[in-house]
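To keep things simple, chains are lettered A, B and C as they appear, and every chain counts its residues starting from 1.
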Amino acid sequence: MQTATPHASVRWRYIKQHLFFAVVRLSAALIALALGGLLVYIFLHGREAISWSFLTLPPTDSMTKGGIMPAIIGTFYLTLGAIAVALPLGIMSAIYLSEYARQGPVVRIIRIGVNCLAGVPSIVFGLFGLGLFVVFLQFGSCILSGALTLGVLILPTIIGASEEALKAVPQTFREASLALGVSKWQTIFRIVLPNALPGILTGSILGIGRAAGETAPIMFTAAAFYTVKLPSSIFDEVMALPFHIYVLATAGTHIEATRPIQYGTVLVLVALVLGVDLIAILIRSYIRKRKRW
Amino acid sequence: MEDKVIIRTKNVNFFYGGFKALTDISMDFQSRHVTALIGPSGCGKSTLLRLLNRMNDLIDGTRVEGQVLFEGVDIYDPKVDPVDIRRRIGMVFQKPNPFPKSIFNNITYGPKLAGMTRRSDLEELTEWSLKQAVLWDEVKDILGQSAMMLSGGQQQRLCIARALAMKPDVLLMDEPTSALDPISTAKIEELIQDLKKQYTIIIVTHNMQQAARVSDKTGFFYLGKLIEYDETETIFTRPHVRQTEDYITGRFG
Amino acid sequence: MTRTFKEQIIKRVFFLFACVSVLILGLIVAFLFREGLPIFGIVSVREFLFGHEWYPTFDPPSFGIWPLIVGSFIVTFFATLIAVPLGVLSAIYISEIAPPAIKEIAKPVIELLAGLPSVVLGFFGMVVLAPWLQDTFDLPTGLNIVNASIMLALMAIPTISSISEDALYSVPREFKEASYALGATTSETILRVIVPSALSGISTAVILGMARAIGETMVVLMVAGGAAAVPESLFDSVRPMPASIAAEMGEAPFRSDHYHALFATGIVLFFLTLAFNLVADYISHKFKEVGSGTL
């Protein structure tokens, strides 16, 4: 009896362990299945629509035929603009936070500000862009307004990535440079920044993926349902991939007829965003492995 | 010349936030001598060393009281630029810390930023400092290669050469051999003997034999206080304070 | 002296750039208020928040966003209900149970999936899940609370999982070893030692996931169905706040009452998510202090 009890309890403990592991494995499998299934489904359905002309021609026959080239171009411009806005701002902010800031209420407020900005819903960014860039500054709905709005949206991503990269530069590099009588800003520009740059850039690529995939912020600030010609200046409206999907899937009279185009556009967007992110993640893991310090 | 005092600390107290790391340190460091700072971990010897070229400025929440005079000027005077001080007081760290640049660019990094631009000057300086650090023969053909390729001992001598390239008056060494093997350590110790002909060297070390071998004067620290400071020979053969003797003979620490 | 002066100038410049984020946050508030406040000349704050009628284009219009607020909360609630267990359990799987090969792949894959554009999830919910729900449960429409909650959960899971995994991963090895050394099984160690130690990190993950769900636009715009009424069943359609703003802003005449009302809805949404984020920030900050204090 006295020896049997511990055995029973040990067995029961292992049964509990197996149950727990089963639940955990099941959850992981469920998620993998759902998200994996989603991607596979999109790939299988989108594949047929993709062709060279789909990628290089504008839509025709009230968008029921033709390609999505203007939307690709539009997304490219918007993303490029967003990164051009956010990258310098983000790197400068991160340099302050990582290299200059000392613990204190001001820095705490800045950090909370960055965190809160990261949590602002994308539709609120859309309203903000509408209120500030489109209406108040009178840019109208155009590439500039959309790029600025998206730039603000990805700013926290860039700041986070840059700060992480700056922090990863060993403190001994800074000390070595300062001990040689090199001033602080020269140390930052000659030693810290060059060593952090690969990390900053790969982190920023994740921001590119985010900017390219967002719909809500550009709905009122940049995106057009259909444009006859390609944009010729930053004050033109543009088509964009995510908005194109939304419009084709929800509005208009040909929702069923344009299904293949919708799947094709979704596949292009997914491939673009995940492809860009994948590149960033691969480069990052390569950098992490290669680092000798 | 022999007995000229180059750095003098006067009643220095040092705080990390509320913690007092150094208490009332008054010390004279003589020009062209090697001074060793010894003591158990956390005794404040490294803190004192980093105070002499204002490296502690980099740590948040630190505070200095008292005076640190370098050639008669208080380096903690608000009018004094720490950058100027660090150009004249070089430092070598515990772990070799070359930049991930070529050997040549490691050496010329400081001088370039201090305004030296002519290629021939920089090449001459590189050769001179690498020779001073007894590294020239080993690396003269691979100056363009990354400093990261060198061995630990070579990296540390490169760091010494890099510091010497600024033509400092004083060289601070913070346990420069603690990360190195015995052979590299011996090379560095030999180098220190050579260098003291031209430079004032202040070295923090954990290794008492090293202090005995390389230094002219030794200061023993315990719990943030300077317990005893004298000729190295005196410290190691007939210390005046009990605590020093206990430490030297390995009874604690 | 000039060099120190220059250093000071450079530091100030960097400081100004660092303030940009706070400035933008201020500008967001300013412009939301500028365009949103005029509606409160027409309706009182109470009527606006708790009015049950959202008929912005009727004559006379009524601007009560209560159904929209309820819609937002209800889809967020059910999304959280699905996403938190799955997200946290999958984090436990990746961090503690998975073989190293899977571990190495799963982490970046989750990060990758967190970047999936929400319009894609909305699209999938619309063309795949909605018809399936409609057929299976014989519903008038598959665009409803269930669909929106599932798609929002799918969107929030990578976020929750990724942040929870970070928290689990950063639990010191010593805790684990101590538990094993006392004869605990793996599952006991996970449940009694690792998860409790990572709890504040996991809480942060959950709150951030919820904040993402409540602020998400495209998914609810495309799959929640869009009925601006307080729902009575899980298969009813709802119109969460972001969906209402996105769908109607295009049609609302410039600076009309409707336009102002949509901005005012934006104010509510903004402060709601701000509250979520401040709580998350508070928890993670507290976590950090405790973390360093105990080590």
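Throughout what follows, a residue touches a chain if its C-beta (ideal position, glycine included) is under 8 Å from a C-beta of that chain, and two chains touch if they have at least 3 such contacts.
All values reported here derive from a predicted model rather than from experimental measurement.
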Sort the chain pairs by how many C-beta pairs are in contact and tell me the top one. A-C
What is the chain whose Cα centroid lies farthest from the Cα centroid of subunit A? B
Using only alpha carbons, which chain's centroid is the nearest to the whole structure's centroid? A
What whole-Å value do you get for the distance between subunit A and subunit C if each is reduced to the mean of its CA atoms? 16
Length of the line joining the C-alpha centres of subunit B and subunit C, rounded to whole Å: 53
Rounded to the nearest whole Å, what is the centre-to-centre distance of subunit A and subunit B, using the mean of the C-alpha atoms as each centre? 47
Subunit B residues touching 2+ other chains are 83
Subunit C: positions in contact with at least two other chains: 3
I need the residues of subunit A touching at least two other chains; which ones are they? 183
Quick one: in the complex, what on subunit B touches subunit A? 53, 55, 58, 60-61, 83-88, 90-91, 93, 95, 97-100, 109-110, 113-114, 148, 159, 162-163, 166
Given the complex with subunit B, which residues does subunit C contribute to the contact? 1, 3-4
What residues on subunit A touch subunit B, complex-wise? 102-103, 170, 172-183, 186, 190-191, 195, 292-293
Sort out for me which residues of subunit B touch subunit C in the complex. 79, 81, 83
Going by the contact rule set out above, which residues of subunit C touch subunit A in the complex? 3, 6-7, 10-11, 13-15, 17-22, 24-25, 27-28, 31-32, 34-35, 85-87, 89-90, 92-94, 97-98, 106, 108, 111-113, 115-124, 126-128, 154, 157-158, 161, 185-188, 190-191, 208, 211-212, 214-218, 221-222, 242, 245-246, 249-250, 254, 262-263, 266, 269-270, 273-274, 276-278, 280-281
